[in-house]
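Quick one: structure below, then a few questions.
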Amino acid sequence: GEITVSAAASLTNAFREIAGAYEAQHPGGKVALNFAASGVLLQQMAKGAPVDVFASADQETMDMAVQQGLVKAAARRDFARNTLQVVVPADSKLALKGLPDLTQAAVSKIAIGNPASVPVGRYARHALEAARLWPLLETKAIHTQNVRQSLDYVARGEVDAGFVYATDAALMPGKVRVAFSVPLDTAILYPIARTAASTNGAEASRFVNFIASRAGQAILAKYGFQQP
Amino acid sequence: MLFDIDIDKTLRSGQRSFYLRLRLRSAHRRIVILGPSGAGKSISLQAIAGLLRPDHGHIRLDGRSLFDAAAGIDLAPQQRRLGYLFQDYALFPHLNVRQNIAFGLTGGWRNPPADAGGAAVDYWLDAFGLRPMARQMPAELSGGQRQRTALARALVAQPRALLLDEPFAALDPALRVTLRQELDHLQRELQVPMILITHDQEDAAMFGEQVLRMQDGAVEMAPDGSDAAALIGF
Amino acid sequence: MLFDIDIDKTLRSGQRSFYLRLRLRSAHRRIVILGPSGAGKSISLQAIAGLLRPDHGHIRLDGRSLFDAAAGIDLAPQQRRLGYLFQDYALFPHLNVRQNIAFGLTGGWRNPPADAGGAAVDYWLDAFGLRPMARQMPAELSGGQRQRTALARALVAQPRALLLDEPFAALDPALRVTLRQELDHLQRELQVPMILITHDQEDAAMFGEQVLRMQDGAVEMAPDGSDAAALIGF
Amino acid sequence: MDAAWIALALSLKVAAWATAINLVFGVGIGFLLARRRFPGRDLLDTLLTLPMVLPPTVLGYYLLVLIGRRGWLGAWLQEHFGINLIFTWQAAVLAAAIVAFPLVFKPARAAFEAVDGQLEQAARVLGISEMAIFFRVSLPLAWRGILAGLLLAFARALGEFGATLMVAGSIPGKTQTLSVAVYEAVQAGQDGLANLLVLITSTVCVAVLLAAGWLAPGHSGRRA
Amino acid sequence: MDAAWIALALSLKVAAWATAINLVFGVGIGFLLARRRFPGRDLLDTLLTLPMVLPPTVLGYYLLVLIGRRGWLGAWLQEHFGINLIFTWQAAVLAAAIVAFPLVFKPARAAFEAVDGQLEQAARVLGISEMAIFFRVSLPLAWRGILAGLLLAFARALGEFGATLMVAGSIPGKTQTLSVAVYEAVQAGQDGLANLLVLITSTVCVAVLLAAGWLAPGHSGRRA
């Protein structure tokens, strides 16, 4: 049967390929993909959107889904891991080695996903707070709506540095340069789950299993995601 | 009584106000209203046609109440079935001459086609010399051609009464004679009551079974042609 | 020659075309054009005023070339400085009577104020009996009041020539007499050349130093009042 | 590239329906506001303009609250008709129609107000019913202004993605309109694809608008 | 809640500037398209409608490409004037102005086309310059239609967030307009805040539109 999969925007490229592979392996199964920011996906489900599988870019969004009864806690599982990186424009003269270097006067604008709603921004904020740098850097922050907007700003040289996922940084090797990876005390783990309201539970579970399978993981790895 | 009208109406524009007081009882079929510019002639016709609501009074035509403030009667213009030639024609700018004339003949939601026909339309096109410009739009007409189109439009649907506001003012004398005869002919044939506003003595002579003079919003007198059955109240 | 006009122009509307052939040489200051409806009278005035571009020929007024196809001259209407009364008035609907009359007196980017004044405006308001409705909008005027407003607007700016298209058609006989006298007075005082279109014999008698008859787009003859200096070409 | 054509077809379907809906309601309400005088008319006019002022995503959110399975309208539809609008192309139509609605009714009102009332009076005297007058006099004479609004609404509906994304989602082949696809291509850093999709959208839009401008009856509406 | 008032003030500033710019260019271009005949006029008209058809985010993306530090216009501005528009409120004005432009010029064109040409002719004969005729005859008579477009444009500018977000960023107190704030609140699931901000936006918008409708000269433009 047909299932609808709502997935975080950062999974767009990888999930498109996975859906194709899944449909090839399971004739008769059909996957309708719906991409948006994780928060938007949550709201759609909360208001009754007919979704069978939900994949978010962070644990917090999935936590909320569980709290709201959209997803059973038992149904969720982590399927991919990502790394947070600071990138600079490819032609940047800055030599940044770690978070404290961001306080240099030469760094005047930093793209950070809006911590209020964008997971990548939330991770960045956690890291900066842990390093006691958040108050210092808050005034330099340019809040973006998602990780791709941060990446774009860096690529265009509109900002001096930006926080992005490794998977995104890998998309624009000629335009951005990875300055350093940001150490985090909580890992960036992507959870996926069959929804409680799914009308096609069997197919949904089969798709979730496929993601966790060797074939699914291989495709995710191809796009730079690590195993959970 | 063919005409039994007794209305008043105050029009206001800024400081100025204009007070119309129209009383007219007459058994004549053809009434001509004369009067200086601004006397209230056009406004009177508008009230009769149902385009201007009088403040008080009544309007009865041939025994039928079109308006009666006391009885709460106020027929919509559509129900009055009158033929009205507006002083400034009010031609439909998006329709050609033929369509303008045929406008009232079809009741549906669509305008008559560009070559709208019927014997009646053709008759008036010929009678008023409009045949060559039947497919021209109003903006492409001369002043007299517009007036003739508007007159034809008012006459073609066989209305229950005719209200004509200076119907020949834009025409040359020769054409005036022809059109007067056409109108005379039509009126005699259908025996339709008619009120005609004019500044032209010849119009008055030809159509004025009763001639009224308006001045400052009021009918002044019935100087000539009045007969015993006609009472002009004041 | 005061008037030296020799133009032609073809107007088209669908199948129908109208051919205007206007030749007029005259040393008279006052010219009256008579002719049946649709003869081309209004169109002739439009061409002279610069609102309709002739296909060929020239228009000279008092020695000044307004249009000359051969010489490539085509003065903008603004530069011609004429007073033109449109047959259908063309009053500015957003301006009151006073503002309409004063419109041409102020050249700036703002319209004259609602109480626009100056002795000239007041003079014509009084002369044409428009003082009581000076603040009314055109939509609130009677037909004759509109025509008088339009006439005052054309006269007030002391134009170099007057083009009047049936200036008294909507007026009652008494008012016609008054306004004719006013116009006569003004014209004599300023000695301004004038072309007047009318269907009224009395207009022709009063203003027709030379009377032209148009028919089917062409000037036909100079039946009366013509003198040796006037040559009407064909 | 097949996906692009499917998205295009979907976009055109959605925009056409949204425009058709607005033709009826926008023109109708524009006419009523122009002709009927009632207390609060200006306030109503302004309230009806509000879909313009809300960011489409926010509008989409409220729409979701309303027609979602747990919204009162959505629950009612579900219960009585078994209809669930979320994630359907009909939801995209609804979103686009609401977003574009002010673009039609406001110019329509202005256009109807500019129609010379005397012409409607003349039609009345000729015995034509009010409804027929609307179709035969008022509408043709106001048509230019209305058409301008309709074309704007069509373009807006074609470009709508914020509200659409919320209520219809972005399911390729089902609810992913061209503009949502463009948005996602830009987000995904696929500049080449984005440019191509923008080119397609723009070309189609220009073609449709030009055709509409030429085909639609273009009464010039000059007064006689 | 102070933040909301700052965002509101910024929103009003941006919308007012964008509307003012469109008043000049939208009305000017609408007039030229209505009066001048030239080959490709309809095509130009349609091309100018394109800002409607692009999703605002995409429009913002192209604007970024154009006026960004590496865009050709941006680079030129930077080099000659030392101006960098990105992340400034002026960029928000630019975005809002472009997005709302079609809303002004198209109704304006339709309104100018509905003005009786004979009245302009009459003014010409009276010796009034073309420029003065525009201000004294054409503009007042077309004003209703133009005003409808301007009010739509103001509302649209107030609600604009897609393109704004791209080029102006969302810097609280500097470039975070109310609609961006609403959008972010909705995204963050802060329903209470979102509702409050929407209420503020809507109230202010209704107040401004009502005031504009009453204060603006409202010539009814009926023909005499």
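By written order: A, B, C, D and E. Residues from 1 in each chain.
Here is the rule we go by: a contact is a pair of C-beta atoms (placed from the backbone, for glycine too) under 8 Å apart; a residue touches a chain by one contact, two chains touch by 3 or more.
On a predicted model such as this, the values are computed, not experimentally measured, just so you know.
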item: Chain C to chain E, fewest steps along touching chains; value: 1
item: Chain labels contacting chain A and also chain D; value: E
item: Per Cα centroids, the chain farthest from chain B; value: A
item: Two chains sharing the most contacts, counting C-beta pairs only; value: D-E
item: CA centroid of chain C to CA centroid of chain D, Å; value: 49
item: Centre-to-centre distance between chain E and chain D (centres being mean Cα positions), rounded to whole Å; value: 19
item: Where chain A and chain E are represented by their mean Cα positions, the distance between them in whole Å; value: 36
item: Residues of chain A whose C-beta touches two or more other chains; value: 40, 43, 149, 152
item: Residues within chain D bordering two or more other chains; value: 61, 116, 118, 220-223
item: Of all residues in chain C, the ones touching two or more other chains; value: 88, 137, 141
item: Set of all touching chain pairs, with the criterion as stated earlier; value: A-D, A-E, B-C, B-D, C-E, D-E
item: Chain B to chain D touching residues, read off their complex; value: 49-51, 76-78, 80-84, 86, 88-94, 103-104, 107-111, 137-139, 141, 146, 153, 157
item: Chain A partner contacts - residues on chain D that touch it in the complex; value: 61, 64-65, 68-71, 74, 84, 86-87, 165-166, 169-174, 184, 187-189
item: Residues on chain D engaged by chain B in the complex (per definition of touch); value: 116, 118-119, 121-129, 131-132, 135-137, 140-141, 219-224
item: Interface residues, chain D side, partner chain E - complex; value: 42-43, 45-47, 49-50, 52-58, 61-62, 102-103, 106-107, 109-111, 113-114, 116-118, 144-145, 147-149, 151-152, 155-156, 158-162, 179-180, 182-183, 186, 194, 198, 201-202, 205-206, 209-210, 213-214, 220-223
item: Chain C residues touching chain B - in the complex, by the definition given at the top; value: 11, 13-16, 34-39, 41-43, 87-88, 132-133, 135-137, 140-145, 148, 165-166, 169-176, 199, 201
